[in-house]
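Labels A, B, C and D are assigned to the chains in the order they are written; within every chain, residues are numbered from 1.
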Amino acid sequence: MDKRISSLAAAVAGIEDGMTVMIGGFGGSGAPIELIHALIDRYRATGSPKNLTVINNNAGNGHVGIAAMIEQGMVAKMVCSFPRSADPRVFTERYLAGEIDLELVPQGTLAERIRAGGAGIPAFYTPTGFGTDLAKGKPVAEFDGRSYVQERWLKADVALIKAETGDHLGNLTYRMAARNFAPIMAMAAARTVAQVSRAVEPGGIDPEAVVTPGIFVDCIVEVPNPAQEEDLNRANAYYPEVTA
Amino acid sequence: MTAKLTNAQIAWRAAQDIQDGAYVNLGIGFPEMVARFQPEGRQAVFHTENGILGFGEAPAPGQEDWDLINAGKKAVTIKPGTAFFHHADSFAMVRGGHLDVAILGAYQVAQNGDLANWSTGPKGVPAVGGAMDLVHGAKRVAVITDHVTKDGKPKLVAACTLPLTGVGCVTRVYTSLAVVDIVDGCFVLREKLAALSLDDLQSLTGAPLHLDGAVADLTCPEV
Amino acid sequence: MTAKLTNAQIAWRAAQDIQDGAYVNLGIGFPEMVARFQPEGRQAVFHTENGILGFGEAPAPGQEDWDLINAGKKAVTIKPGTAFFHHADSFAMVRGGHLDVAILGAYQVAQNGDLANWSTGPKGVPAVGGAMDLVHGAKRVAVITDHVTKDGKPKLVAACTLPLTGVGCVTRVYTSLAVVDIVDGCFVLREKLAALSLDDLQSLTGAPLHLDGAVADLTCPEV
Amino acid sequence: MDKRISSLAAAVAGIEDGMTVMIGGFGGSGAPIELIHALIDRYRATGSPKNLTVINNNAGNGHVGIAAMIEQGMVAKMVCSFPRSADPRVFTERYLAGEIDLELVPQGTLAERIRAGGAGIPAFYTPTGFGTDLAKGKPVAEFDGRSYVQERWLKADVALIKAETGDHLGNLTYRMAARNFAPIMAMAAARTVAQVSRAVEPGGIDPEAVVTPGIFVDCIVEVPNPAQEEDLNRANAYYPEVTA
């Protein structure tokens, strides 16, 4: 078994129109920029995939990564907790124009719904959001005298995540707070694609230090020295590059 | 009666259906034997409930490390690519549908896929372990078992009389006499020992055996 | 009107109530300032939603590592004892009641402890982040805020008119004029600026201020 | 902040009659033998704690660890998935005599209930056990056409766990499959006591390799070269030692 895929294009080939795609990252940290841009390349070349539902904590920043996907018109709906950023114009304009849907989810509920999707838990109760607009229409129940909201699992067709080290069996480690949503998204997607800064042979990761066991990962593609979204935005980058 | 398959042969037959790279959980006891018979060129990744993925064979006697055991509390080894994780993550793998196949023992399997393999009734101390999770988690739940009980009663039955492990969960049964699929609430015979007549097999089975195309000979090497 | 506390002074006052070794989450923006004012000899352990426990101060400009940020997307640093974890584990810490205190900003706080701090109404793009989890998770939820809005309206109110973040969750409010506890559905005044009369404070507050023993002077150094 | 406690006796001092105690370990791996035996010492000296509810995957083996607690009469109820072992006589005899209660829980449900207790999730739905005797009396619900059982969180007053390395802030790593229930029990108990084979200064554990962050741990006590339950049982050990 060898889960390595040699090209970014091949890694994102399975994503089709209308799919739900989880994308790792919290702001720029952990954003799999190269995978996202490979998907944009495919869309620009073929017109597909479009009408995507994207699950991410945020809704893009500047004009790269998820913001660039939205700018290209690939995204029909965002599921996120905080669709704001230093430069949220791309999402904001489309949202206010009614061109993109938003499902706003409290951050911890978003994380738990994703984890539930990966763990085979179709629904759970949380105190979060009880009595607020974000719980409207959801079942509520009382346990031990306290009120809770019932929330459903979230699953995806594909997860695109960024990891630090990956072995051929798909075992992954992460880099600092770039870990964030990646381990749980890897669990919750039917197919998980990880870009890794360093691919190693099995045995190259200490079994104690594996964060995402390979069972949750379908393929890895090595991207040494990946772009950092924050750096791109500080340089006012656009994807695709704006030519004069 | 025709010579039936040994337990090792039943395990061998079950192992032939495991694909290269499959994630597999083997129930404690008899099913653990399946790991010995992986076909040449295929390598499954074995999961154990207590938090190891991709473990290796038993160590040599005297080389056991008792922090490195499987769900049956037997010593195993690590291999390149092994991963450790805690129990909630382990059962997220199980319940979340990430295992390709679980192979379990059985007291009874019903024609609707119900499985009874954890309790023989109200006597003694009940113990369930991870079986109830496995039967609702793995993409494919297979059973390996003798075709009949020690006193000759069918283990493939119209309806389980023993306490259930799971409802409608088993899709294939490898027995000492046959390979039987469970399709739409029926036993469908896929393979049987060549020397055994269909009538004789039916007489040892507690519910009708349906045919869906040819029945292959169940052949196993001496193992 | 009496000189009110600066934001830094409000943050300083809130910091005085954080015990040594407390696990603390500071909301993004103004509440982050509380970390600057830990009393001598006390060291809190700061949690950030995006998966770090025990992080350190901001790095020097130019030394930022953008994989090492807080929930406000600002660069932080590691310290001896820092731990990284994923988002579900991070909110297990929050929702599971493991944080000793969360300090948040507010648009409105009601006398029953209701908090509104995430939305000023249906205009624009709504964004909630982790606030709704924090208010139902931390053992103690405190608010730091100016006592009134920019146009002079009370932020401590009889009932919130803005969309709620959480129901009955706030237990203490540190404002630019006073420290107010929420007890049994009432605002209970604990401290106020010495130069401010109770009547004047009441006139700036949207619900009755109750007294329960002496009201201390709210005093803060220049910070 | 320094979470080190110098003696095993002090580490278990807070456990009182009638409390619920989670004890880490799967079979012998991860069993905090020294903490358990310190608790037995206290019971023999003072008559307390007794009437304990113990949550563990198993119900003891031989005459050491949890089996010895049961043998001493400290345990009123076991919550476990598999109360059998190579030598289960101590539990078996008391159970059949009606002297100890048993709540039998499927292993994955046990793990998830404990994790839910630690994560503030009062109830969740699982397919596990649906239609079986172990789901009798529990609420059921259908999601997307499949039937599920509602299960409640499990919490404890105290968790006793065994870890490999612990720093003064309570950050922990484990040793191989001895990890098992310890990380989730640490989350689910009001007070978590960890025996560690090696105590280190903060910074002595790689922040990426921390398995249990210190927020879940109240105190650590160093026990170098801890006993392995399996070795004790192979040597037919009793606790307290049987004197001739």
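We take it that a contact is a pair of C-beta atoms (placed from the backbone, for glycine too) under 8 Å apart; a residue touches a chain by one contact, two chains touch by 3 or more.
What you see is a predicted model; the values in this text were computed from it and never measured.
Of the two chain pairs shown, A-B and B-D, the one joined by more C-beta contacts is B-D. The chain with its C-alpha centre at the largest distance from the centre of chain C is B.
Each chain gets one centre point, the mean of its Cα atoms, and the points for chain A and chain B are 36 Å apart. Mean C-alpha positions place chain A and chain C at a centre distance of 30 Å.
Shared interface positions of chain D, i.e. residues touching 2 or more other chains, are given as 112, 115, 119-121, 126-127, 174-176, 207-208, 211. Residue positions 78, 84-85, 88, 91, 94-95, 136-137 of chain B each touch two or more of the other chains. In summary, the structure contains touching chain pairs A-B, A-C, A-D, B-D, C-D. Taken in their complex, chain B has these residues touching chain D: 48-52, 65-69, 73, 78, 84-88, 90-91, 94-95, 119, 124-133, 136-137, 163-167.
Contact residues on chain D toward chain C in their complex (touch as defined above): 1, 115, 117-121, 167-169, 171, 187, 201-203, 207-208, 210, 213-216.
Every residue of chain A that touches chain C in the complex is listed here, in rising order: 26-30, 57, 81-86, 88, 91-92, 95-96, 102, 104-112, 114-115, 126-134, 174-184, 211, 228-231.
Looking at the complex, you find that chain D touches chain A at residues 112, 116, 119-127, 141, 143-144, 146, 148, 152, 173-176, 206-209, 211. Within the complex formed with chain D, the chain C residues making contact are 20-21, 23, 43, 45, 47, 53-54, 78-85, 88-89, 91-99, 136-137.
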